[in-house]
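The structure appears right after this line, and notes come after that.
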Amino acid sequence: MKNRQFGWAKWLIIGGMLLLVALPLYAQEDAAEGSSDAEMSEEEAPEIPFYSSADGFNVPVLTTWVDESDDKTAFFLNPDLQARIVTTATGEGDDPTEVAAEALGATITSEPIFSNRVNTADGTWEQRYYDEGNSNVSILSKIEEGRRYVIAFIEDDPEVAVYMPLVDRTWEEDTTLPGIEQAIESLGIAAIDELPEPTIETVSLPSGDWESATYDIDGTTVTGYGLNFGVTDYVAIAIGDADATQMVDAYNYTLLGGFFITSDNTAYLYLGLAVTAAIFIVLLGSIWLRWRNARRDLSTVEQLASD
Amino acid sequence: MKTGFWQVTFAILRKDMLAEIRSRELLSVMGLFALLSVLIFSFALEMDREARETAISGVIWVTVAFASIIGLNRSMSSEREQGSFDALLLAPVDRSALFLGKFLGNFVVVLLVGLILLPLGTLLYNITLITPWVLVILVLGIFGISTTGTLLAAMTAQTRARDALLSIAMLPIVLPVLLASVRATTSIISGDPTDLWISWPQILLVMDVIYMVLCFFTFGFIIEE
Amino acid sequence: MAQAKPKDFAQAPTPAPNLLRILTLVTVIGVVIALVFALNIAGTDIEQGEVQRIFYVHMPAFFGAFLAFGATVLGGIMYLWKRDPKWDRLAVAGVEVGFAFAMINLITGSIWARPIWNTWWTWDPRLTSEAIMVLTYAAYMMLRAGIDNMDTRRRFASVYGILAFATVLLTLFIIRFREDTIHPTVVGNSPQNAQGTFAASDGVVTALMVGLVIWGLLVPVTLMWYRIRLENMLDWVNRKKMEVLSA
Amino acid sequence: MSDTPAVLSIRELVKIYDFIPVLRQLDLDVAQGDCVALLGPNGSGKSTLLRLIAGLIKPSSGTIEIGGWQMPKEAAAVRAQIGMVSHQSLLYGNLTARENLVFFARLYDVPKNERDDRIAALLEQVGLTKRAESLVRTFSRGMQQRLSIARALLHSPHVLLFDEPYSGLDQDAAAMLDDIIRHTHQDGQTMMISTHLLERAQQVATRVMILNRGRVVLDKQAVAIAEHQLASVYAQAIADKIPSDAPQPRIETSVEPAS
């Protein structure tokens, strides 16, 4: 009667353990089912093609623009809009304006109409804006790990002038209007208290839902675009009648859609592989050592036995 | 021929309780340890109310875990001392009944220590710990600790470095129970809505059942020679 | 001198069987293939850079550990049932090999975390539970070492090996218990706060699958086989010693 | 040997500890009412044999049959037939003598209505009636050992086993223990006593068995050995070489491949 009882006990243990081992599978299926619809649609979104520079930064490829990048500099141009966007890296001490001018193939001689530093989620950016007559230039740069990374935008259309500043978010409300107005004042277009009532709309672009405010300043149409991004507002100011949404989107896509710097961490990869190898060597070595010692013991014992 | 399962279980429980009432050996040592532990924690962690609220459940459960290790070591070695465990094995009884009897004894004693801890914590940390749900968690958590604890104490009592080995062997294995208990207690005393923490007692219940089944059936393998 | 071989005696060591030789060769080739897939064929992760390739070892290593610790559970149950020491040899091989894989998993994870999370170690629930898992199996080995009687040692180790699997399951499930983990999930969705998640594109999936088969299956099985042979050898030597002593 | 049917019979018993055979192919029959003295040097397997019979350890192979029940198949039933007194008291120091006995009576399922009478009778038999309500930890070794006998007799076992019962006892206590053992035996109790003390063995035993290296090297009725010869018989028995034609343990070889 003792035996019979242990018989079913064993089966119960084995059944229980099998159930336990099956649990991870169940749990993972459950996790897959549990994903909400929002996440599912996010997963189905087309993958972003990336330009990856030898200098360690990555930017999304602007698929509707002409890609003339080389292995160090990302370069996209749009002949219809007469606009170019460039991203490059250089030495820490280099002047961002010179670097941007060279990369863009433009000459920048004037003093910047506006420049400052902005703290964003991914570090401190220095921004400069130039008005070279027909050409209007926006340059962002930041220093990280001993290199200066520069993102520059130039627009050569004589009909319009487009600048893309970042504005520190100092107000509480959700609206981006204060940022747009601040940018208009900073760029020297008009003082905030002189601005007329704007027409406000919402524009959906791939880089996000932007708020747009259109002002009529002394007969000139000035359109401001704003996107709330936590500590910073992304702003674009277009002076003139042309539709600037495409440029706004392309430039900010570069910034928001993932300009980021991946430093060279190959050393860590090798370290990891070395540790893995070391652990295997220790295991194998200890097995081999114990085996050898056992062999030795065995021959000693056998000798003793035969004596 | 075999003596009835429950008769054996309760005979052992009764014997252990009687011996404990006589000597108060376990309760005094564990109770004193619990008191010291709570005091030391409250001195060591000088905390404001909010910090106390998050720390108290950890303090309580760590104390319960270590107190139970002390108690389990004691309870098993008292069985070994006079060879009386052999006397249990000599009897025509189910091995699992022995386990259940020893387990119930340990469970009751550790639960008593836990019940002492609650008013103590309430007093020293100025947080109300005596609520029905905290009691439920206390019972469930100590149940889980006692099952594996009884099994592992029976095991380590037969090894060389018994006392040290019990804590090393037991703590990682009861960790899931401790984790769930701490989380549940923290949630309950900070007054979260029921649906935020109700899954913890459920998880505890499932773990208790799994541990109980495993320990119940493997105990026979631990004590035979 | 020799008594007939009773049931719990070891077998005389034999030269490695051909199957083991073939398996070893396959494993070595497999490791090379896995490395080629991980280092050359899979694309560089755009966000994490080269260090992401460590993942092709890191994650399969957990599966290797899972397999090995699973073998310990199986060995434990079968030993308690059949009382044939060969099952206990499987269990002890599982613990040692699984321990090595768990260490690899833990350390490569830590090395990956240094550039990605900017820290070698954080008290994240999953990391903590994995560390506890490793400690549990260290306790298993200490428990084994603490018992002199072979039969008792095997029985206790079997029971403990079964119980210790609870920590493996905890490590697997911790994300469901504690949603504040920053550890990314590969199967299923990462928690909102996971850091260092990456998109699994084609090359990544292939390299991962290759890695899983080789690091998670082939390497642990081969290593365990060698470890089982060693344990058998040790038992055999022990037996011979005892025979000489008691002759 | 006696003509009465064997109450305990052991066939081809083998016990191997860590590759060391402690008992090699042991056969043994003990008749009802026998008192077997089990002698032998340390490590000869006396203690192992008793623990095997008591079911505390499992045999590597072979069978033990007591009162028609087989070990290890019907272990629980066999255990119910056995009482054991060891060199340890197997009692709880924090309980009184009576409480100890009540606890073990419950374990052995002694019927409730007989329990108190049996306990009273046994306490009387071992001379501890007066100390029934004292804690066992206050008892002397001798008293503990006597209470131990009472504990072992609680369930009227078929066979009573003594494993080195005299160890740690002074002369008086040992003599007292001897008295109890002799009286118990005279009441018809079958028993086996393992001991180092040859004179005491000869005084109580009806049969003398000497074990050496896991084998029975001598098995005689006590009356067949003259009063003062036991010591020399013992010395000769354990000095003798193991006969070369002694049966070898025969156990199946496990068939699993080596790796």
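To keep things simple, chains are lettered A, B, C and D as they appear, and every chain counts its residues starting from 1.
Just so it is clear, a contact is a pair of C-beta atoms (placed from the backbone, for glycine too) under 8 Å apart; a residue touches a chain by one contact, two chains touch by 3 or more.
As the structure is a computational prediction, the values presented were derived from the model and not from experiment.
S.K.: Between B-D and A-C, which chain pair is linked by the larger number of C-beta contacts?
M.R.: Contact tally favours A-C.
S.K.: If you take the mean of the Cα atoms for each chain, which one ends up farthest from chain D?
M.R.: Result for max centroid distance from chain D is chain A.
S.K.: When the C-alpha atoms of chain A and chain D are each averaged to a single point, how far apart are the two points in Å?
M.R.: The mean C-alpha positions of chain A and chain D differ by 82 Å.
S.K.: Roughly how many whole angstrom separate the Cα centroids of chain B and chain D?
M.R.: Averaging C-alpha atoms per chain gives centres 38 Å apart.
S.K.: State, to the nearest whole Å, the distance from the C-alpha centre of chain A to the C-alpha centre of chain C.
M.R.: Using C-alpha averages as centres, the distance is 37 Å.
S.K.: Approximately how many whole Å separate the CA-defined centres of chain A and chain B?
M.R.: 51
S.K.: At least two partner chains per residue is the criterion; list those residues in chain C.
M.R.: 13, 80, 151, 162, 229, 241, 243
S.K.: Where in chain B do residues touch two or more of the other chains?
M.R.: 1-2, 94, 210, 214, 218, 224-225
S.K.: Which chain A residues sit where two or more other chains touch them?
M.R.: As it turns out, chain A has residues touching two or more other chains at 1, 10, 13, 20.
S.K.: Would you pull the chain B residues touching chain D in the complex into a rising list?
M.R.: So the residues of chain B in touch with chain D come to 1-4, 7-8, 11, 14-15, 18-19, 22-23, 25, 78, 81-84, 86-94, 224-225.
S.K.: Residue numbers of chain C touching chain D in their complex, please.
M.R.: Where chain C meets chain D, its residues are 3-9, 11-14, 16-17, 20, 84, 86, 149-151, 225, 228-229, 232, 238-239, 241-243, 245-246.
S.K.: Where on chain D does chain B make contact in their complex?
M.R.: 51, 54-58, 69, 74, 76-77, 79-80, 82, 84, 86, 88-95, 99, 103-104, 106-109, 135, 151
S.K.: Within the complex, which stretch of chain B touches chain C?
M.R.: 148, 151-152, 155-156, 158-161, 165, 168-169, 172-173, 175-176, 179-180, 183, 203, 210-211, 214, 218, 221-222, 224-225
S.K.: Quick check on the complex: what are the chain A residues that touch chain C?
M.R.: 10, 13-14, 17, 20-21, 23-24, 27-28, 31-32, 34-35, 39, 47, 50, 52, 56, 58, 258, 260, 262-266, 268-269, 271-273, 275-276, 279-280, 282-284, 287, 290-291, 294-295, 297-298, 301-302, 304-305
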